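Look at the two complexes coming up: chain A is in both, with chain B in one and chain C in the other.
Up next is the complex of A and B:
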């Protein structure tokens, strides 16, 4: 089996939903981002409440408690992602891909205390690294995971020289490859484009420099840009 | 470079996804990666530490890019399905060191992108201007997080070291003092060695992931820039088209099978609707399918066909998942058998009998405790349903005792004359008191008055009003009102009012003689 970090979730209708669990690198940075926000909130509260004497100290401790335990919960159940996760395009979901709600979010965040052991989330990091779905302890108990939030597919844009009606039958996988070729041809060098187009010549029956524009025409036909 | 036997799934990814893929790669090939790392770095570490306990580990750290070349060697071969073991890598390692080793451990040592850049240097073998040109192309993207990956890995090295220190503090007995700060600052030989070992462990655990992640990011850039996924897709399309004959043959066979199946089942279903055919014995063709053996054959064949279809994608979705669950020590059954063997029957039945009785008793105790609890908390329960608790200090008023409250002794024999005397003397308080006491006594002779000690004048009046009617009721109302005004508001009543009350009293209560 080939190594891959994308997982397929099969729905009851037999449709595969592709999700990519987010790994240790991006989650570490997202955590640091959230940590900085939390520190700023607590510091602001501490400055504002420092004038209120002993009661102020009590209130500061309450603020610290709330921010430590409920900052992620509130953001995860309302938006599905904390600001840190949002900045790295991550979101929290249940194992079946559904958005997380109070129960899951609360459990995974309460068990952050277990992940923290013995210091600085060492257990959580090791657990995440060894888990096939990049889950830390809290994720295992809450039945949740953190995945990349895929950007919505944009309408493909690519330029092609000649408009020509190409009548050719391709299967689905090949269609995808041809469209990807047309879309990404900007980032490919001309020589590389030629190489790739030449591979397809047994199917398209076109060789030489013509082959590139021919393939792009096919792609344009496929996405309805004739 | 043959893209067909790549052992990773080729897909354009974001840089973070590429690092995650690298972690998967490192996990898959951890034996050869860690085996190589241990075999190469452990001797160097031991030598470095024995020379100088502090600067030795710094030198060990400084030379890290050299050991990392071996990891990259393994990864780059493994990705293309070449089975390189730790032993092969150790043999190849001295050869890998020749290229640009000096640059690696001097000015490129502190480059935050060294893991990524190592691939260009080692695998593509570029030098000087060519190398920097190539690097600028590979780094020219908005999604270049290679430096962040280096920082994250460094952070995790630190976390491993600190985590291990914390772990030690966890297992230190509570009586022993453990000062973190002293432990960090101490320069004793043992502490230094412990830190060095932790550092070694941290590098051992992180380095494979760091290099694999960087290498995956490098591969990802090349996939993006060279369209590897497109190449693979195109090649597959061509190979599908170039083998049309076999495909056609198989599909033809499949279609024929289907048709055969359909016609046979059709004949089978229609059979009962043609009873006349049974009488014509000569027409044997129709009866081919009614042969029970033949029918069985069809069923068998169709089952086999169904099985064959279910065995190929997308229906062969069987997979084996292993998870571990606690099912006990496994010798509980044995213990049970042993215990039943060792006890004679009469004893075990006796034990069961005693146990049953004990259980009954326990339920009894439990039930009575529950009842007791309910009884003790009856007032709370009442309060729960918003009913006022019954007044506990509702002592009945003894009127004979009450009568003695006048003048500290008994009531006068001739009340009306006493009233007149008091009215003349303007002793209104005493007069009122006498009237109140005597009238109450009179009323209580005819009717029981449920008066209590804790009642106020108004409450008394309410009770009295319920018991009597007519003039007496009106009189009592007037009397108590006046009394309240006098006793509590200190309003001295008019003489006429007092005279009127005295007259009324004489008419209403005088016919009887007061108690002695």
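Up next is the complex of A and C:
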């Protein structure tokens, strides 16, 4: 059953790479974050340049123009993400998963003006909700998308107290779940581990604290750790 | 082979790979055949998936692969060459592709402008059908040659200071781009939106020009608009032509589904919109820093303006065969 929104990108080498497109909620948050930064930049420029008289007002307007149109472009082509996107772990890539460059970034940000129509990003929002990859108009035209940039995954090596003799046949999906449980156990509280282990009790026939180490033993067996 | 043994066997080369792709620009410092290592990694991932190894292992390999792919196939980040390529080839090629729309947009825009121009010349009060009285008065003030000589009339002095040039630059960009986008996006409403905005602006433009002539301020007005008008009006007309393409694809998708037709229309028109955007930026520059200057004699302005018009018309009607397809 597919309950996530991951997409598979097939590479030239014939393997699928998985990416997770970012939804409208987190992208809105990132946008607001960027908006605040932009406001701060403009406000700082305004304060600094307000001493420069009328010429200063002109320069402030140039700053406003540059910040409005090129703030995202500059960050996307140098870092792949604006500060707002970075804080929410998002990044902009092309449809084939490669980092965005000038052409794509310029187009997707230029077409913000179309996304904004008729007011407050209504068109862009509707477009994102209807799109399977959460793309707004600019993303469609630039051939880009916003995906989660996952933190580097640390392979976790789970530990267990004592090896137990296990002789249970599990189907493939259950095997995977049990291994995942063991590998994630470091990030779960003991109570949560207990809850999860209890779900398995009809199969393992063990309850209580024993169940956790029992499951880990099964996992250790499955991955070939002795 | 169990997962644990598999990891032990391959761990070392994964670590080397992860280290190498972390800093793509320092790749030469590592003794690694990246394409080979990458293919090996894809193989590892395929093995891990088929043997149902744990999700953590698979997602780590997936992550490594993604980094590797981005490192191997990263598109170049050149800035000027693509721009030049676009201005010299892509934009004219797409203009050629939609030439009938470009011609029709010109006919509609200047046709209706001419009609209201003539109407206003014959019946000066016609301008009040187009815009309210207050705006008419404001307009007259703006182009009144007298207001430029009088130091005390406020906004428009002999020479506008360069700081307000900057101010107007920001204003023009915003205003023009929103008009151009309205013309384009109107195409999605079966093209009626495009028609509405194009004709609205044409009627407005025609009536205003004629009114200025009627009140006798034509020299300040035409010397002001002629140069940047070449870029600005053409950009807006081209946006409308692009909107027309979109509208026509919605009305008459042909053998395609409407969604596919729209996608196709988007592919054809986005270089037009991008080109129009560039033209509007140029226009805003000219408008703010050249057109507004009062120290330049009008003869110079008219000459430069005429050259701009001739150049832009040659540019947007490139020679070539429309049978040469730019799209696959």
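The criterion applied here is as follows: the second predicted complex is superposed on the first by the 164 of 226 C-alpha atoms of A that agree within 3 Å, B and C clash if a C-alpha of one lies under 4 Å from a C-alpha of the other, contacts with A are read in each partner's own complex, and residues count from 1 in each chain.
To be clear about the criterion, contacts are C-beta pairs under 8 Å (C-beta built on N, C-alpha and C of every residue); 3 or more make two chains touch, one makes a residue touch a chain.
Computed from a predicted model, the values in this text were never measured in an experiment.
Touch check for A:145: first (chain B), second (chain C), both, or neither?
Neither partner.
Per the contact definition in the header, classify A:218: touching chain B only (first), chain C only (second), both, or neither.
Neither partner.
A:127 contacts which: chain B (first), chain C (second), both, neither?
neither
Under the stated touch criterion, which partner chain does A:73 make contact with: chain B (first), chain C (second), both, or neither?
Neither chain B nor chain C is touched by A:73.
Which partner does A:45 reach: the first (chain B), the second (chain C), both, or neither?
A:45 contacts neither chain B nor chain C.
Taking the superposition on A as described, I'd like to know which of chain B and chain C A:92 touches: first, second, both or neither.
In the superposed model, A:92 contacts neither chain B nor chain C.
Using the touch definition from the top, say if A:170 reaches chain B (first), chain C (second), both or neither.
Once the two structures are laid over each other on A, A:170 reaches chain B alone.
Which partner does A:65 contact after superposing on A: first (chain B), second (chain C), both, neither?
After superposing on A, A:65 lies in contact with chain C but is clear of chain B.
Who does A:103 touch here: chain B (first), chain C (second), both, or neither?
After superposition on chain A, A:103 lies in contact with chain C alone.
Please report the chain A residues shared by its interface with chain B and its interface with chain C.
14, 176, 180, 184
So in the complex, the part of chain B that touches chain A is made up of which residues?
Touch residues, chain B against chain A: 6-9, 11-12, 14, 16-17, 19-21, 23-25, 27-28, 145, 148-149, 152, 155-156, 159-160, 162-167, 170, 209, 213, 224-227, 229-231, 233-238, 240-242, 314, 317.
Touching residues of chain A toward chain B in the complex: what are they?
Against chain B, chain A makes touches at 2-6, 10, 14, 20-26, 28-29, 88-89, 118-122, 125, 129-130, 134, 148, 170-171, 173-174, 176-177, 180-181, 184, 187-189, 192, 195-196, 199-200, 202-203.
Which residues of chain A touch chain C once you look at their complex with the stated criterion?
Interface residues on the chain A side: 11, 13-15, 17-19, 53-59, 61-62, 64-65, 77, 93-94, 96-99, 101-103, 106-107, 110-111, 113-114, 117, 123, 140-141, 150, 152-153, 155-156, 172, 175-176, 179-180, 183-184, 222-225.
For a test of understanding, state which residues of chain C touch chain A in their complex under the given definition.
Those residues of chain C that touch chain A are 1-5, 7, 18, 38-39, 42, 45-46, 52-57, 59-60, 62-63, 65-66, 69-70, 73-79, 82, 161-167, 169-171, 173, 177-178, 181-182, 184-185, 263, 266, 270, 273-274, 277.
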